[in-house]
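Below are two complexes that have chain A in common, paired first with chain B and then with chain C.
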Partner chain A sequence: MNGPKPNPTAYTAASDNADTATTIPVPTGTRDVLPEEMAELREISANALKVFADAGYGEVATPALEYEQTNRIGATDSEDGAYRVPDKDGQILTLRYDSTIPIARLAATRYSEVEPPLRFCYLQHVYRPIKPKRAQSREFLQIGMELMGMPAPNGDAEAIELISNVLKSAGLNDFRIAVGDVGFFSEKLAAAGIDDSEQASILHELQTRDLVGLRRQLMAAAPEKAEALGEVAAARGGRELIEREGAERLVALDDLLQKSGVADNVIYDLGLVRSLSYYTGTVFEVYTSTSGFAIGGGGRYDDLVGRFGRDLAAFGFALNMERLHLAAIAEKEASVN
Partner chain B sequence: MNGPKPNPTAYTAASDNADTATTIPVPTGTRDVLPEEMAELREISANALKVFADAGYGEVATPALEYEQTNRIGATDSEDGAYRVPDKDGQILTLRYDSTIPIARLAATRYSEVEPPLRFCYLQHVYRPIKPKRAQSREFLQIGMELMGMPAPNGDAEAIELISNVLKSAGLNDFRIAVGDVGFFSEKLAAAGIDDSEQASILHELQTRDLVGLRRQLMAAAPEKAEALGEVAAARGGRELIEREGAERLVALDDLLQKSGVADNVIYDLGLVRSLSYYTGTVFEVYTSTSGFAIGGGGRYDDLVGRFGRDLAAFGFALNMERLHLAAIAEKEASVN
Partner chain C sequence: MTSPNVIAAVPRGTLMSGSLDLLESIGYDVAEIRENDRKLFFAEQNIITMRPSDVPTYVERGVADIGIVGKDVLMEQSDRDLYELVDLEFGACRMVVAVVEGDEHVSERQLRRRGSLRVATKYPKMTEDYFAASGRQVELVEVKGSVELAAIAGLADAIVDLTATGITLKENGLVISEEIANCTARLIANPGSYRLKSTEIDSVVERLQASVAVKAG
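The block that comes next holds the complex of A and B.
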């Protein structure tokens, strides 16, 4: 290990510190990364970037500051999500909120005439305003990929196989990839005669994982089918589940995942939805036995690149580098004990 | 090379592009980095980080968003320099304007009880508001170091030797390190009976490299000594210059640089000043025969860390990664032709 070791009493959150008038804390949800951790993050990211490069993915970087309009085109729900930065000339810039939207812009403009599929990866920070008093990150480092011009199920399978290899490159073997389909549950709701606005309320409860709220909304919208729909939303399982429920798109994906051997780490979750609005098909999240949160996730977004001028079906994922690192440490420690 | 190749007609500045309503440019002074360049930047930065690690420097990262007060403590002239980002809870955050001030904060708080010297390096972006219509960067990636607790001339010599090794690790051999002393010229001005406010005006002309303005200010302040002072400000040379002019601190530094063999790439510049206000001693800038701008620079800042609560003499430098990369390409091409 190079560089000095911090105070024996070094706090993990500098923002807890308010010793003297000259000791300025960092804002909540941000932190300093010290040499020991930084060296490990560099090693994990170098290994992951090698996995991406070996699979034909080229790394790109996009500006941290972009015009607000780029976000507006990319995601209808992020207008008030990103940090807004007034520029000297009166323009409003936004801080990078995610990497998928700017890479969709990049692909549609800089690669407008290039034969698909287009394979990109990235390692960059994103910035999100946080609510006070919650343990949220204002800034975090993500590593991820975008595969454009390869429709389902092949693009989905390539991405899920790739994230599995990235996780293994970090030393993680004890992980679960929860896979869902954003269309599946809304199709069930529509088939039960539930209208669009009621569907939106129900999906919101799912997204916030409020199962009590979900059950209440289902009871109000379709009392006699509420229990069955609630069971679908909570259903998790393997091949037999998606066959039984008629989740045909997931069955087609599973055929490919069985072949590549990745299916062993996959669990299907028919109630899985994600908070970003651009997803149109398969979505997934990665969990480990030690992490309380998903350490990453992604999904299919077949309409997004087209909004920037080139119609390409696409799939992308991102991993939170800090959570990936902590999960790798936890697995290593568990194997020692 | 991995990843797709861009359009054969790919523009170097996406911001020139305004083809269609859906083609959103990136803000002037920012850019997308595409795979071929990104792979080369990763290689250069990995080589440089290895040089730092071998010299005992530990890499750190600081938040992109910090409280405005941190900048205020660090630099009296940067209040209106950094991007200000209003937070949801009414606090004003600023985007990282340079890395030296936050690492001074980090060292003083997280390493308050650790035996010096403290050796840190970093690879992170900085953000600066730009004036319209000038070819300035709003966002750029810097690699650099901070050496704390080693006074002049030893700390200065270690840093200049280190930057020389970093440049060589990028394949650059044809470079010049211009070295000056921020105190030297103001001492000459004081000796000529020029008062503090006149000194400030004169140093401002030097900083903006306005030699006509400099001569006019000198004539107004000390007409009979203006010519001699103007010559000192414009003087560049080797050992014989600093001995002749009595620049004793630079002579002591040169003794060390001669020993390490770095002196061959050094030229002393008695009029060199830098735009950041925290420098207190030796300052330097790196030039190559192909770059019109300095590709990096740094200097001694013995008062800054103390403002955050721990009194440590310090020296730091930063290289602009994009300029370093372009200079390395230019030298490689020149050697082929």
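The block that comes next holds the complex of A and C.
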């Protein structure tokens, strides 16, 4: 060892072996995939796609570039961060930010007459801007599904059972699916006589996961009900919780999940909301004990497909392939030790 | 004593002793941490110690399940995916705008003349949010050390900083012109741990709330 070499350019990686040093960078938040990892990713995705195929889901792909107007039909705010490129004719193209909106477009326009339910799955990259210096990815591979034309609770149950099978097909058994209902807490607020504008600021606290601010806002809006409402927002648990709180839609879902044996991996969370605005019912996130982040999530979006011209209740989820892979490796290693 | 099965991130510095007192009151073994000033990682006690502004980083990535951190740090890092669970009601500080004594109207004057105010701070995101919310344009100057200097030496028209007693500001010839927020210590949690360890974390939350209530008397 000769000690660290001076860095001749900012591009040179810190390595004292010139033969292996990376000298030409890729953009931050992107990376190369080398054969060993690629082989493992291929195996996971092949197993997952087989789970989808066996359940009657057809794989689709959508363009990496879509018209910005198309995304605007689907959601007014969720794609604000998308990468944009001007086209020659002045049209703005956006790089694929998620797969649900393009597949809603695909389903409503190409399957306008087909008898529902429609079942689609996909394996494709999405692109999102990153916050600097947070070790985030701006390009990542998602595997997921969309089930259209099957309302709650049957569609929700089919999808949650499916995600459970996909996780198991990747070798993961130690996972939890946190399930919530986007409408439940706002209905509680309305029942407590809290008006729309106050509801919006209370729900904003829930969205930003600030339960201190939430309790403060509740105290200002409805002092005598604030403590009980604060407890609802923070409540996580099993069957007894949703029965006690009268979360009827979740109870109906749980009836089905109990039958399929998936309920053991589910934890109900009455304060769970998600950042994408198109969700209308059940929402969920998937966690494993080895990953600090959710490895995936999804939910019900009953209005979205209709905005593209065919009114279909729908449910979808996406898993981050890299996080799924890392979680599967971590669980395997933990079981060896 | 065996610590709860929840890994806690504890900030070094002014909030450390109050944090350790609270954790001890709910069953964490903190004796060694009080004695040892250099060690950072206490595996047996389920405690990691770090610079305050790093607490959200470790908790967001799930290296620690929970953390104790000032609201000032949380406001500056408001884009992190974290649960804010309890106001621990200690370590109270104020986030303020301060200007040179005798020149209290510098903000209005500069905004009128230049349309913009030059503000030095260690909290650029929070400062930008605050002035934007009140419709004023600012030029931000980020500094790492004593912010008071920026105003006295003429680097900026005003500063935004955290103050507990106001003594440092006063000694440097500055006066508070606006109060932005009251900042106390908060309990935060990783979103995954919040669900995977919901029973353990709820128990920590309940006992901390009880400890805080006892202290508040």
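Assume the second predicted complex is superposed on the first by the 311 of 337 C-alpha atoms of A that agree within 3 Å, B and C clash if a C-alpha of one lies under 4 Å from a C-alpha of the other, contacts with A are read in each partner's own complex, and residues count from 1 in each chain.
By our rule, contacts are C-beta pairs under 8 Å (C-beta built on N, C-alpha and C of every residue); 3 or more make two chains touch, one makes a residue touch a chain.
What you are looking at is a predicted structure, and each value in this text was computed from that prediction instead of being measured.
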Partner chain in contact with A:337 - chain B first, chain C second, else both or neither: neither
First (chain B), second (chain C), both or neither touched by A:211: second
Residue contacts with chain A in the superposition, chain B compared against chain C: B
Partner chain in contact with A:197 - chain B first, chain C second, else both or neither: neither
Partner chain(s) touched by A:267 [first = chain B, second = chain C, both, neither]: second
Which superposed partner A:42 touches (first chain B, second chain C, both, neither): first
Contact residues of chain A, present in both the chain B and the chain C interface: 131
Chain A contact footprint on chain B (complex, rising order): 1-11, 14, 17, 19-20, 22-27, 30-36, 38-39, 42, 46, 49, 52-53, 56-67, 69-70, 73, 83-89, 91, 93, 95, 102, 105-106, 108-114, 118-121, 125, 127, 129-132, 138-139, 307-309
Of chain A, residues touching chain C in the complex: 131, 176, 178, 208-213, 234, 236-237, 267, 269, 285, 287-289, 291-294
Chain A partner contacts - residues on chain C that touch it in the complex: 60-63, 78-79, 81-87, 186, 190-196, 198, 202
